[in-house]
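Here come two complexes built around subunit A, the first alongside subunit B, the second alongside subunit C.
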Partner chain A sequence: MRGQPAGTFEGEREIITNGQAVLVIIGAILAVTAIALPGPAIEEAGNDAYLSTALASVPAYVSAALFYYTGRRYRWEGPLGYLPRVFGQLAGKAVLLVHLVFFVLVAAAVGQEVPSVLGAVTMPLTPPWVFVAATVLTASYVAYLGVENFSRLAQIVLPFLLAVLLVVPVMVGRFAEVGYLLPILGDGWRPVLRGMAVPLAIRLEGAILFAFLLPHMMSPRRALRAGAVISSALALVLAVNAISVMTVFSPEIASTLQIPTLSLARMIRLGAVEHLETLVLGPWLMALMLKFAFYTYLASRILQAVSGVRDWKALVFPIAALTGALGLYLLPDSARLNASLSEVRPGLALLVAFVVPSVTLAVSLIRGRGHPARQEQAG
Partner chain B sequence: MPRTGGNREGATKKGRRKRLAAPPEDAKTAGELAAPRPIPQLETKGTAPLPARRPELPGKPEDRSGDGLLGRLAGRRRRPSARHLDFAPEGRSVGGRELRQLAPSLRRVPVNKALETNRSYFNQAFGPSWDIVYRDLLMGAKHRAALVIYIDGLVNKDAIQEFVIKPLTLEATMAGLGGELAGRNPLSAIQSRVVSIGELRLTDDLAEAADRVCGGETVLFVEGLDRALVMDTRGWRDRAVTEPQTEVTIRGPREGFTETLKTSTALIRHRLKTPRLRLERMLVGDYTRTDVVVAYIEDLARRELVSEVRARMNKIQIASVIESQYIEELIKDNPWSLFPLIQSTEYPERVVSALLEGRVAIMADTTPFALIVPVTFLSFLHSAEDHFQAPVLASFLRIVRGICVVIGLWGSAFYVAAVTFHPELIPSQLLERLVAARRGVPFGVAIEILILELAFEVLREAGVRLPRPVGQAVSIVGALVLGQSAVTAGLVSPAGVIVVAFAAICSLSLPNYWVATNMRLLRYPLVLLGASLGLFGLSLGTGVILAHLTSLRSFGTPYLAPLAPFSFTSFVTDGLLRAPRKTMTRNPSLFGSPTMGLARSGPAGNKDGA
Partner chain C sequence: MITEWKSTKDGRMGRLLGVLLTVVALAVLSLTCSGCWDRRELDESHHAVSLYLDWDEGLLRVTVEVLSASGEAAQAAAAKHVVISARGAGFADAMYNARLSSERPINLAHVNFIVFGGELARRGLGEVIDALTAHYQVRSHILVAVTPGNAHELLSAELTAPRHAEHMLGLLEGASRTGAGGGPSDLLAVQRDLANGRASDVVLAKLVLLPPSPVEHAAHPTQAGMETQPGAGGGKAEGEAAGKLPIASVSGAALFHRDRLAGFLERYEAEGLQWAMARIKDRRVWVPLAEGGGFSLLVSDTSPRVTASEVAGRLQVDIRVRVETDLSEMAGPADAGSPERVTELEALAARHIEEQIASGVAYAGAMKSDPLGVGLYLLRWSPDLWRRYEPAWPAPLAEADYGINVSVKIVTTGILKQRAPFGPK
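Then we have the complex of A and B:
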């Protein structure tokens, strides 16, 4: 039975194509990693950091598969639907609250990325709260429009970000010294695995987003294929980015750079035009805003499911404002921001992206035939 | 939910017919009707001036001069106020309750067998109107009384005289039809053997007859019959078919729509010689009773789309439709958006192309602008002559127009942001010149740009409103002399003038004038964002604009299609690019099929996900 097609005149459902879902998730990942990474990975893995960033996609794909198979057991519902059914209403809502905390904290960090970068690069005199307030207002509007609309927005914006991230390494290629990448695996695999921590944390966010986007996908059965595309694309783009940064600056210098990609862009010259890093910021800022909007949207939906509020749209602006304020309070400078990225988020991401879905799937399998979902499937 | 103007209870066409209080049947009226009146002069015209057709002025209780047709039919004396007749900004007609009071329903009034009763009805309805003509005549050899009513100025009088009056009076007699005309059913003979008008219909409703007379038709009443013959004798003076003023093409046909609906629909028929072309007529506007035609091609347009157009049109309740923009505003999905969600055009080729793509056109009488639905943003980058040129050239020009949109919207704002916050973006030599040129300018960059933008708008508006000989001189004086003087006086910088002028020219390069005009309004907030938050502000502003665009739909079609949601075929074939005609073997999926609406292959809750 086909569902009600979106785009009809009445009874519209929020449905996105698998391609749009891919772009949304890739954009959400690149919005942070494109600028901030691969510094933390280079610190641990040295010249093998590109392997860390590439391999981080594998566990993320496994996590996405966990969500996929769990969702399949519950007719492609997302965590909002199956968590209360698996754990019961009370425990399910408690688990959802963990997700809510996760999204709010990550969004707060995302909101703080803007003043952190812009204040350092181009507008040092502007107070951080101005950036955060503007981001909150814009993201609230975008989140209010719903997942279908901002998926379309991502479809327009993200190709520009991808293009920038792929063009910049090409344009600075003449400064690259391939010798900086040698020797490959000179210190073995352990540094590579240690270097995966921060990239993995961010990739796991993508898996969590994948889980929440699953109910909206046009072809949920092919969602795992979309997950593979996401993992591969991220592995490729971020590996290229890491290689470019290390070959141009050397691993020792690259590990100390706060914003390696921007530093790369700063080296580009087109005739008399310089300082093109400012232009690189444009698509990145929009991707950040989209990520903030998406997380605000998800937090609103979770809060609506937990609290029973009738319309999630009423919660969008309060949550966005609260998140922005939280970021200003908890992460007022780049040191704390980097600390949250390397110390707090990996653990939280592992909890939400691996522990919770594993336990959910296990409980669902254990409850087996007695489970209402299976009864309905059998019926 | 699609926005609809008018009655939210979903009044149907039948439901919109108002109830009319029956004419008072007091003794005086009956006495007047009972006495036979002498045959009046051939043409009788009222002596009083025609009352105002649009009672816009607020009426005082004692002011009767504006009583309109419907007020008279209802026997009401009160003059409606303008507020009650204006259309509410929310898209709902205030005609919910108020119009029913002020423009009471036209209950069916059966045609009377007595000619004088029918004449009285028309006298009462039209009042002392100087242009309504009552022509009494005697048909055939047996001199059966008949009455012809029409409005002078709306009809082809030669046709009436040659094909109606003369046949009924002289030729019927000569043809020996006296017996049939005096019989029980002379209308049958009149239709088939006497009157030579092409379009005839019978009616037994006086209200409908009055409506028809208002529309330029002629009504024939026959003594002793309770039905009337309505003849299409429309023949008012209308403008000749000329080249469209708002859409100029270098290559392609030169005909444009006119204010006469029949002429406009004929232009479409001339180009689409298929019986599958449907032209559904409806009347909109309680006072103007404007003829509106919904055009589509039966097997190309989606049934849901046609039904939706019909439903929205039927829900319109409005006092008047002066121009198609009234209809556009009432049926569009989001009346507050600056981006047009319905396309308007004077060019028949554009309508024909749209119909062939599976879209629907709406054409109204008294306006040369036809409406096309649905529409996408990329449609406004298309010129009518894109299909009359080589595909490579057409594609190149479309890309140029797309670049012009970007420059037109963001050019001034980017300049302000770069000069204020990001001077490092500007090459150093250019930066030196800019700084030198701005020396002495008393305003900041943002204020300077805003002043220049406003000045350009004033000049543009003056150029449009002034008579042509004066308008050109004012444009030249304003643009050249004032601009040069302002720069020389140091009020503005040359760079500012260049940036604003170039951005304005880019915005005006769009084929659709109103799209360009509406989008220019967005430049002001973007300039303010650029001035306050630099490129960050521009990025956020762009995000808001794009988010708004993605949320828009035009009759169900996403506004940014085929860009988002992305459809490679539509994008390449006839989106931003124009593919060679050999590759255009199928109708675009955007409008002609439901695939653009995404359908879930396995909705949540479905048992097998299929």
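Then we have the complex of A and C:
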């Protein structure tokens, strides 16, 4: 590995199955959306918000396809490998820096989700830095061990998180009133499309992760199928989640909730047994750690590719610590955190998930870079 | 240094770093397991079981009934409850002041019901409901009720169970199930109705203090154990001799327009509205006969449906209710000896319930309130119609035509096929 050009995976390619990649990406998306998502969509689309959350999967899949076709032209190298080849070393590294900024900013927000949620529902007196420190230490260790490691973690965590997200609506079903979903499309499609902004931004993050996991997939040629599974699963789970939140609380109340899914779990009452929201918090926290770890890992790989540092592992902890501190500094309260989710991340995600891959693919096609035929053989 | 970093596979330093990170991560995570700064043992808190909220000279008075799990109090728990009361500019402020007059922090995670005083309800519950739902310990499914006077005075009611709160909770749960108190009055239902704006209004159970029972009471263990901490507003009602306390009861319902109390319904009208508002179980209906006597039905299930439309330029509200019952008592000429007689009883019961519904609807109309959610129906099913009616809502309800149609099914006539021979025929 030593002496190898930065930005390639040859010789150190960690392999995960396509199924593991699906779980990692779904986990990374659900870590945020499960807690925060229906709110911003409901604010715009009202009782039709479930359509916004479901339909956001479509453009995200298109973005994943862009990454797929670009990656296919470059032997499944992923953005780390092909960006310097498409744009040249300098411009390629500049584009990679944009990705680095994206991952660090999103990870900073992810790190702040923990104090924002736990501080609101269980531990208001605990300083935020305690939660952030715990996240940074745990996630940096997970990231340090590499893709295979947190893919296995995803295999353990995801079934729990998915089960919780699908069981909670059933357990609070007696409070649900389906009438809150009416009228369907009362104000037409425009609010539904506006309501897609935040769900789409978060879903596009999944497409970006898809691009960076492509080189690690055991069968990259089948990656589009994996992308379809991810899109469908997320559309289903998040639409169910949005419907459940709206029918229990009403769209008006749901749009005011800071943590709608957790509020939903707080409604669960099994006879005398209450306070079962910890069952949601556990898998959610693990998924959040996973997401933070994944972003830290990717930021370390990009920084290695840009800076020329030999071992990306040396960068994991400094980046995680910096990201955690950045979150505490930039997003010290839930109001700023919410604003970043609805105002900053959609633009960033569009840039990295649509503009960059579209331009990359276009430049690649125009300049005739890449070798589709050869890489087909390699795949 | 960094450029010579080695991976875990071939470097000792990497392995050491891994072990170090694991140890530190586990150490930090273990801090959060105990709750960090929020850690508090069970016996270090007062656990509130009920809240009584009043408007008191420009401030919000919060009266909290608490159970204490600590040593001494735990031993006497069956015969002791503690009341803490304080005022503040808002709910959080009042709770903080209550904390200052309490020996322990007050935990609201186990509150079972909330009672609002009449004056507070007339001023509007919106802000208080908002504050309650924003509190991270308060649950949304707890029951809420209104009392015409001061809520905290209910704490002076006669206690028929060892614990006052359990007794009151039982009253409210019974009222919620049977509809005697007007509807499923939990915090979530109130929140949802308030959030609908004009489209529907809240109906809450009305808790009242009835005159003292004529039965003399010996020193009741619970009563003897009641104590009021400094600043408390609870305790015995004025002028009441020991052993003769008023009785708490659910008696009708409180009708709101938006978040403000519009008026109180008597039990008859409240039950009338409830037939059309939600499913009812376990209610008993006495249907009087013109010739004297009557018969009693036990309601096992209902299926209400309220629809609205515009017919010839007038708003038409249709209320249809299907009621499943069991016949449980007959007096006077009432008889269920043949299918024809049962059908007659069903028809009589249906007319009786229709009259009760009409009475409740008329009262709600007079109070300019929309407890049936007719506006909500229009909003969902006829948005165009709703847009036209919304500015003046609920005034159009007063001019609406109502079609009330109740069908009653008597499923069983009890253990006897017909009346036993020893009653009058």
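Assorted remarks:
Everything that follows uses one rule, which is that the second predicted complex is superposed on the first by the 355 of 379 C-alpha atoms of A that agree within 3 Å, B and C clash if a C-alpha of one lies under 4 Å from a C-alpha of the other, contacts with A are read in each partner's own complex, and residues count from 1 in each chain.
Simple rule for what comes next: a residue touches a chain if its C-beta (ideal position, glycine included) is under 8 Å from a C-beta of that chain, and two chains touch if they have at least 3 such contacts.
Just so we're clear, the structure is a prediction, and the values are computed from it rather than from any experiment.
Of the two partner chains, subunit C is the only one touched by A:249; subunit B is not. Of the two partner chains placed by superposition, only subunit C is touched by A:309; subunit B is not. Ranking subunit B and subunit C by residues of subunit A touched puts B first.
In the superposition on chain A, A:367 contacts neither subunit B nor subunit C.
Touch criterion not met for A:336: it reaches neither subunit B nor subunit C. Using the contact criterion defined above for the overlaid structures, shared-chain residue A:274 touches subunit B and also reaches subunit C.
When the shared chain is aligned, subunit B and subunit C each come close enough to touch A:130.
With both structures placed on the common chain, the touch criterion links A:218 to subunit B but leaves subunit C unconnected. When both complexes are overlaid on chain A, the residue A:286 reaches subunit B alone and has no touch with subunit C.
Of the two partner chains placed by superposition, only subunit C is touched by A:183; subunit B is not.
When both complexes are aligned on chain A by C-alpha atoms, subunit A residues 1, 118, 122-123, 126, 130-131, 134, 138, 141, 145, 274-275 touch subunit B in the first and subunit C in the second. Subunit C meets subunit A in the complex at residues 2-8, 14, 17-18, 21-22, 24-25, 28-29, 31-32, 35-38, 109, 136, 139-141, 188, 191-192, 195-197, 376, 379-381, 383. Residues of subunit A that touch subunit B in their complex: 1-10, 13, 15-17, 19-20, 72, 75-77, 81, 114, 118, 122-123, 126, 130-131, 134-135, 138, 141-142, 145, 149-150, 152-153, 155-157, 215, 218-221, 271-276, 278-279, 281-282, 285-286, 289-290, 376-377, 379.
The part of subunit A that touches subunit C in the complex is made up of residues 1, 118, 120-127, 130-131, 133-134, 137-138, 140-141, 144-145, 175, 177, 179, 182-183, 186, 248-250, 252-253, 263, 266-267, 269, 274-275, 309-311, 313-315, 317.
On subunit B, the positions that touch subunit A within their shared complex are 1-2, 304, 308, 421-422, 424-425, 427-430, 533-540, 542-544, 546-547, 550-551, 553, 555-558, 560, 563-566, 594, 596-607, 609-610.
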